[in-house]
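The next part holds the structures, each set out as structure tokens.
What follows is chain A paired twice: with chain B in the first complex and chain C in the second.
Let's look at the complex of A and B:
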């Protein structure tokens, strides 16, 4: 089986600061892969490299066998990669429904004039989009928020809406940046359930950056530990937690 | 009857302000830049039309279309060449650039077409529609009809089309727009194209009622007032603001001593800023940190 995503010797530096150095890993099709590490270890930098927000200084990044290091950020969704942000990036003045519908942007196949006249083809497409959106709403239990404006929603719900929008893209690979940050323990527990649901129902491969070790052990198939921008170890959550180098990275000698 | 007559010429004048104001709003909403050369883009559009129609002898309709398309191109070139390199610079610097751009465009127009006034040949000259005692020039009707069609077109565009929705998305949240697959930078270019094309339409429509001269773009300052009155982030607000300023100006010309009409736009602006600073259609909200 070939890896869905493989990073080969990725490196990124900002001036003299080496945020990511010589990082290599493979993410298999269908798995839930977590990236952990102390603050400033380079987790989010790796994420931003995959989503093409940053340009790598060296290395290679293959998605489904194709190099994506030359792709601009707006092409990522069309390739089948969706992401969320640690502090959520939503269209604040729009409803939950509109935020999700725009997730279908890359799947829109109609032309300008047909759209302005709202031809039957456009109507059929809108109905199909709406079905995709409703499925995601059911999966993530967002029914009661459908027509609420984002600005009026509590933080936990916003984080869910962002995940919902990412799912509307119907991605092959879903990148979750700290899905539990800012959530209470109960909400965090829910996160592990919906990660399982997404992985099962949508067949999406998931990479997440996460601090909460409980969530990481419950949800992930494999874990990558990074420190100071470099890979410390890869393995199951249990192996990683008991790995002497990982303990050293977190606690010091 | 006289009041109705004044009202109609106010509406027609207001439509022109509204069209230019919409150009301000489009660019502001998408890129958070204020383009103070919007009035000059209108002036340039009018001269382009003069070139196509009077000098090259294209028909009015073809000349109109050629003007709109070529001004759209001018918009893209301005965005790519001048504004995009300014991304990340302080807003004040960008503001100065657009003010400077206005001066440059005026100078270019003066150099190319001369500073003496010109008139655009058009199919409306001297024709008047009469309903009872009411007499309305065709050129005024053309302004009102053109603006109405554009407003409906814009409504449909932003409400239903992939591109229109992408423009709104890019203006609300760049990062989020990128990751649903919207090419934000290309969208910015298109916004400038749209805004310049809109200014061109205003220029062609206004040319039959006011003569062409390099300083005709100063009307942009009044349109700027109209945009603020409307709420500066709202397209319907821009049109409404334009209509208010246009109509008030005409009535001030009739009922107030001479000279007051020219100040109406600024008086309305001052009153608005005192009473309701966020404008009629408040869309500007404080950004949360």
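Let's look at the complex of A and C:
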């Protein structure tokens, strides 16, 4: 087994605030890897470093053996890294279908002029995109929302659509930022099922930031605990929950 | 109510969604084709002007309504298109090629503006484009060998294959054909990747970026395409005017163009046409009203730009979705008649969006 993503001594600071300090971890191909930590521990900052929305101050980030810290943010998706956002960042005025089709953008093979003329090649590509999108719709049970505008959907569905959109990239690595936040217990239970489905059917490696320890222990192979921007411990969910340093980070001395 | 039963993916791609649309657009097509038979020269000219504004509007709509970038300087692209077309015609280029070339020159200018203004949004972008328009106005006024300076220049007749297309019914058909082609190109763009990328940028830049959309490139392309369409409109506008001078492309023109897409309805192509009809009809309406109103009101100088501004503000407050939005609501009211709920179109408070990454 080789590491799909490995972080080496990552550091990020905003002025005097050290959001991420000296963080190193390896994510193996095919595993579900959770990042937990108290509020402000730097979990989402780590995500933003991986998706290149933030520039790291120091350290190295290797994806499939290659450094990605020099890549511009829009190249990350093409490399095979897709993500969702904590408070959903969907294209509000568009339908679910179009949101998901935007996820296929990295796979386009047509150019502007061909598209203006809507050449047969463009039509074929559209149909091909549509097939991929429909597979994802099937997987996540979004059939009834296909032509609904995002603005009219309840929060739980929006979270699903965001995952669906990320899956349309057909990523090697999927970053889920708090997939269960704002969901009710029943919906949260569903989350653990589709995480299993995704990692099985799409062979995607998953990194998720999550607060719900039930979900974390049910879905993830390994857990990374962070506090104050630094790694506290790495291990199975059980090990982490019983780790004295983790307990101290959450509860204080 | 109409329920569309979809059995093929093609149905989502097709331009017409159902037979009702095919029928009504067919009727419209016949009407505009036979219009020269029953409209006199003046109204035919006004209708041609609607088409010209609509082409410019298609361009501006792609930028403002679909990419979410505001431009207050589109009169400049109209001017660039007009002068470039006039110049190419004088060099002996055939009419269609000259119009295309004018569009391309304008698109190149659009890309040039788009590139440095990428980091700006909202009011700052509006000011930058406004500045660009003023620069272009100055260049036109002072680049005498090409533009004729303040004196202006005569636009060559639009002769193609021995037929003079510069006025009357032939000109009407030239405008109609150009409009249909431009509309098709824009609609095709919107149902494929490039168009969706623009929409993605409008709704969420952060998320567009993480979906693999190159913000800089897509915005530049949006500016170029928008300017290109406006340039083609400029070429037709040159023939409509007959004589080009810098005062034909002022800030008021830019505001009129923006007014057109806002009043028509941002984010919809039919809205462009409602808006175009609106800005062509309004000045005529004001002219008629001037005669009937008491002299104290009717003779106020600057009544027209004042009214344009007032209407823009009223639309922004009371119907941000423009004429198109109002029409959709009226249609829905009748299609769901006794069951229509007032709150259907109330704007919802949206959920918190990620504010950590900006």
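What to note about this one:
Note that in this section the second predicted complex is superposed on the first by the 253 of 253 C-alpha atoms of A that agree within 3 Å, B and C clash if a C-alpha of one lies under 4 Å from a C-alpha of the other, contacts with A are read in each partner's own complex, and residues count from 1 in each chain.
In this section, a residue touches a chain if its C-beta (ideal position, glycine included) is under 8 Å from a C-beta of that chain, and two chains touch if they have at least 3 such contacts.
The structure presented is a predicted model; accordingly, all values stated were derived computationally and were not measured.
Per the definitions stated earlier, placing chain B and chain C onto a shared chain A by superposition produces a clash between them.
Of the two partner chains, chain C is the only one touched by A:155; chain B is not.
Legend: residue contacts after superposition of the two complexes on their common chain; A:48 is shown touching chain C, with no touch to chain B.
When the two structures are aligned on the shared chain, A:105 is found in touch with chain B and with chain C. The partner that reaches more residues of chain A, of the two candidates chain B and chain C, is C. In the superposition on chain A, A:86 makes contact with chain C only, while chain B stays out of contact range. In the superposed pair of complexes, A:56 makes contact with neither chain B nor chain C. In the superposed model, A:165 lies in contact with both chain B and chain C.
When the two structures are aligned on the shared chain, A:127 is found in touch with chain C, with no touch to chain B. Residue overlap on chain A between the chain B contacts of one complex and the chain C contacts of the other covers 51, 72-78, 82-83, 85, 89-94, 102-103, 105-106, 108, 110, 112, 115-116, 118, 122, 165, 169.
Residues 153, 156-157, 160-163, 165-166, 169, 172-173, 175-184, 283, 285 of chain B are the ones touching chain A in the complex.
Residues 9-10, 12-13, 185, 188-189, 191-197, 199-200, 202-204, 206-215, 221, 225, 267, 348, 350-354, 356-357 of chain C are the ones touching chain A in the complex. By the touch criterion stated above, chain A contacts chain C in their complex at residues 44, 48, 51, 53-54, 72-78, 82-83, 85-94, 97-98, 101-106, 108, 110, 112, 115-118, 122-123, 125-127, 130-131, 134, 151, 155, 158, 165, 169. Every residue of chain A that touches chain B in the complex is listed here, in rising order: 51, 72-78, 82-83, 85, 89-94, 102-103, 105-106, 108, 110, 112, 115-116, 118, 122, 165-166, 169.
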